[in-house]
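Consider the two complexes below, in which chain A is the common component and chain B and chain C are the respective partners.
Up next, the complex of A and B:
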């Protein structure tokens, strides 16, 4: 087990180093020299060159990459010349709200998807199963923003019961202090996640239902309810652990769209605004953080699965 | 309870019986086609795709509208009369606009999928055949790129280029070849160790012949299934790009840009700017997903017969 964890940790480090190389190259390839960004378009080429020389931006790319890497190791993600703020500060300012939104949406999605999937597996090919399958197919084929727009149209415009915009408070806990204003963003984000999870949960539960241990449990006189909650659920949730670990990119992308549509001040909205400002240090800083989170998510999921299911360790 | 699991563990179902009686001379591809045509969802999906291709590419010749000249007088007209789906804020006929937007969305979806699958197939084959250190390195590169959220990198790169059908296809294709690369590599690895490849080697077939006559035709199924899903994903991705403001520019349009324009007028009650185009988008993506699912299942039929 220890060996397995160490090996997975090793590949994760290699992958994160690879990501840092990509973000570094993109930063250089896309944004030009920091001197130009700071001194502005009016500055003469000589002034820009002098600035770059003074701050070491004229050295070879290899040396600059190690400089960048050194900064990263000290937790320095760079500097936004457009906003004249460090990328760290910008990300830290918004991370709490985004984390809270994602966490609530994720928990809601799991709470909905697990029973839905098990229900669909037990009652498979019934009308209920078919209706839910059709619904998940529609949700799966729908871009996130379309779901957001439909929800706004129905709940904010049609029924007029919920606001069309997210809460604008800067508190991290705005979901709990202003739940009404946060309901639509949370529903949108968990909606797309439920569609994916319940699909997997259904097939995982189907696989388990066909196993002998379920039949044995039934044969020894256990009620269906006990079989489902005591035996099936535990085993059918293992694939879900992997899935949750792997769905961090989905959540981050979802955040980006949901926060832009509902104007919720988080990392996604920061990314969206930075896109329009062409503020590459912020964009690539957040990308690096997002990729690191993705790698960590996969790592944790793999380790958890290995801990619950020894057969996977050898793979 | 028992009833619902019997077909998984118990006696073969009627479907298996029918397959068992098929003549042995039937080729793999005909089997695949047959299984595909028996799947109602797949045929529906294929029908929807054919309909939309005709609707978007032949439609504008039958239903001609002016999609270039802005007409402020007839802006935001409700559906009815000369404009079956109303008009948008610039006075363009929405039905005609959906056709025009659909052309771009379908084209980008298809081009991006072909680019991605092309790169992925090549990369996966090379990695699978090379094996060892080369394979290990190539797959770590895939892992690295896969850990960066797709939409992030696509958006960042898109800020640097003007949006055309070609540039959007290239950007989307350039960052979505990772899944096909992994699939094809896995397929090549598994095919390499199969009996028929060993048999061909024993009979003296050259490496080139094994690749061309045995590996490629057998891996083709996986590749074709992948193209279908890639088209669906690319159509969604380009809609997202368009919605976030990186879509095609006037007078060109694709469905995402069209939807994002509609959002501003949603609060004014102009539902016809959203529902028809949104419905088309979901239908097309769903159709490609159905066809992909069915293709995957019907290629499984072929594998079972092997």
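Up next, the complex of A and C:
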């Protein structure tokens, strides 16, 4: 197992290096010089050239990339000239709040999707199943921002029971200290994942329900509820574990939209603002962190599957 | 055997089923799966319920368990367990009976155990549930049960997961689980159908012994007349949802009265089947139970049917004491020697012809990559050093248990798989040297028929498209010519031209296998490799397909390689038989050499394990000593691979690998201590 994880980590490093190269080239190749982006359109050509020279942006891309890589090896993600702060500090400052928002939304989504999916599978083709299927499809096909807007329209503008903006506290635990203000962002973020997870959970549970061991468990004298909790649940969750590991990019993009719509100070909002400001070092740093999380998420999912499914332990 | 295992005179039946009717509501129609079934079971007794797939025998079992599939429900009748009515019992009360007073074991042990729970947890679960045992008590009980069902090192097994056990062991675990609360009634639904024949004998013997020891009543549901003959005390024959005949086993087999029972027995393949006769088969297929016919449901396929049979359903009446029957025109006893016309045997060439297919020292190894934990490279030797040749117009039969490498061999013969070493020469061309277009052209002459007619046809293609595809792939003929050829093919396999526009799911298994055969025949091949061509089919349909294969062989001079785990099928079709064990050919010879004069102990054991459809025959499993299962092909035993299961094995077998030695002309076996004396070495040089 240890060997397997080490090998996977090795390939992960290669993947992340590739991501860093591609985003680096894209960001540097797409627009004019970084100096122009930072100093603005009004700055003189001399000032831009002087800025580029001073910060090494006049060197060849290859040298710049290796320079960047060298920084990475020392744990330095670069410097944001716009915000005049190191990227590390910026990311660290916002990461906690985003992680908390994502984790709460994810846990909520799993807690809702697993029972929903199993319920739909057991009551297959019933009215309840069909209604839930319709609802999940609507939620699944809806863009995140639209869901956010709709929730704001109904609960903030219409009913006026919840604030339209997220809590602005800098505390990482704002979700727990000001739950009312965080309800809409969390609901939006779980809304999109719950739809996908419950579809997967439903089909996984259907697959398992058709297995002979379910009938055997009934024949032993277990009630349907016991069969579901003791036998079906664990087997039906195996595909979901993989899915959760793979849905980190979905969560990150979800964060991006949710944080900007609700003005929640986190990584997503930081990225959104940096995008508007053409703040390349921040964009680059965020992309790299996101890629690392995605790769690690997949790895963790595979390890978790091995823990849930004894058949994959010895191949 | 305990003295109380036998029913005493005042013992009433443990289980009484009267007038049971079960329906299944599907989206389009209501299916009358079971109609008016009467059964009763006494303590210590085995009642065999026999019939073909879809006849309602499993539904009867599930009705007793109260575990009908969604949409299923009992529409009439009563089920009494020791006098207590079960029909209509609320689920809460039923749960206390299931697994406690009535237990059930199912067909497929590979899927019947929860893959993520340990054996110990699963076996202990009923005891925890029904007896309120503590985890410790339940564990001890599980340990006792595993020992009772003959599992070696039970303590070690408790912590293992199902995927670590072989099929036979898993079925033993299933039995241990079912019997852990000592139920009054055990329903065994095809308990050995998914197992190899040698393992089948062990499991059935175990069930029989446990039934006696625990004083249970057993309902043995099976399609196999051989299993019934050997293990059932009484038999009920089911057809299309109803019981057509019930009697004591001996009486039924010698004095059956219902034409269906008679036909079912006549279809059952036997080792004594004469090869020059066509097999007995029942024409047509069972009725659609969504729209059951008026009158006797067997009338449409019955040779004795009259107008009365077609209009009025015969009631189940007592014909003689203990022998009930539902028929207007009963027959008397089994069919004599089959009256079917003799078939023209393919003419034997005067002198041995050039072989159309020659397999030379063929081997296939699969690298399985590094194991996750140990990091060592492993490989499976699926086939090692197999050689044989087949002459034109002849049939080579290959038998062996699952996992012996016979399917891998088949795939190499038709060039779907590349050998690791050795070669296949077909029609004078070495397959390994052919590439691209040359190989494609060669493929015309090598066709394959697969086991599962449900998987072998693309579900989204119409039959017409499926049958035309070979022509299109080889670029033969215009569309009109292809269509004409396809119509001829349908005539050959006895299907109407109207099937062209239909999809595979609209056909029964037998019809699909006919379509698969038509597709294999499309390009006029010289060789057809048939991998388990009839093992997914019911006996009555099986003989139709086997007869068809024989007829087409004679007509087109086809060469067959027939692969089967079923020794009776190979016995009927083959001119030469090869026996495979763990990737090696251990014996080869004519059918008579193999079936009457076997030299290898494995061959003899395989043959002895087949249950004969004759209640007077000695039950299998006593004579062969093969009470274990095939070892893993990952690390086969040293020397002779069969030695771990061989009753004759000695020290030499572990050290030295036996080579094939001649016993008769064309008959050789690889064994150090054969059952017969080989020909002297001098004679073998020539």
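Throughout what follows, the second predicted complex is superposed on the first by the 263 of 315 C-alpha atoms of A that agree within 3 Å, B and C clash if a C-alpha of one lies under 4 Å from a C-alpha of the other, contacts with A are read in each partner's own complex, and residues count from 1 in each chain.
Going forward, a contact is a pair of C-beta atoms (placed from the backbone, for glycine too) under 8 Å apart; a residue touches a chain by one contact, two chains touch by 3 or more.
Since the model is a prediction, treat every value here as computed from it, not as a measurement.
K.L.:
Tell me the contact category for A:284 with respect to chain B and chain C: first, second, both or neither.
P.N.:
first
K.L.:
Answer with first, second, both or neither: which of chain B and chain C does A:138 touch in the superposed model?
P.N.:
first
K.L.:
Regarding the shared-chain residue A:275, is it in contact with chain B (first), chain C (second), both, or neither?
P.N.:
A:275 sits against chain B, while chain C stays out of touch.
K.L.:
So in the superposed three-chain picture, is A:54 touching just chain B, just chain C, both, or none of them (first/second/both/neither)?
P.N.:
A:54 sits against neither chain B nor chain C.
K.L.:
Check the residue A:309 against both partner chains and state whether it touches chain B (first), chain C (second), both, or neither.
P.N.:
second
K.L.:
First (chain B), second (chain C), both or neither: which does A:218 touch?
P.N.:
Both partners, chain B and chain C.
K.L.:
Could you let me know whether more residues of chain A are touched by chain B or by chain C?
P.N.:
B
K.L.:
Which holds for A:149: it touches chain B only (first), chain C only (second), both, or neither?
P.N.:
Touch status of A:149: first partner only.
K.L.:
Is there a shared patch on chain A that both chain B and chain C touch, and which residues make it up?
P.N.:
124, 215, 218, 224
K.L.:
In their shared complex, at which residues does chain A touch chain C?
P.N.:
1, 3-4, 124, 211-213, 215-224, 230-231, 234-235, 308-311, 313-315
K.L.:
Can you list the residues on chain C that touch chain A in the complex?
P.N.:
On the chain C side, the touching residues are 65, 67, 70, 91-92, 95-100, 103-104, 106, 108, 111-117, 125-126, 129-130, 161, 163, 174, 177-178, 369, 371-373, 375.
K.L.:
Mind listing the chain A positions that touch chain B in their complex?
P.N.:
Residue positions touching the partner: 11, 14-16, 18-19, 22, 26, 30, 122-125, 137-138, 140-146, 149-150, 152-153, 157, 164, 206, 209-210, 215, 218, 224, 249, 252-253, 256-257, 260-261, 271-272, 275-276, 278, 280, 283-284, 286-287, 290-291, 294-295, 298.
K.L.:
Chain A touches which residues of chain B in the complex?
P.N.:
Of all residues in chain B, those touching chain A are 1-2, 4-5, 8-9, 140-141, 143-145, 147-153, 155-157, 159-160, 232, 236, 239-240, 243-246, 256, 259-260, 263, 266-267, 269, 271, 274, 278, 281-282, 285-286, 289-290.
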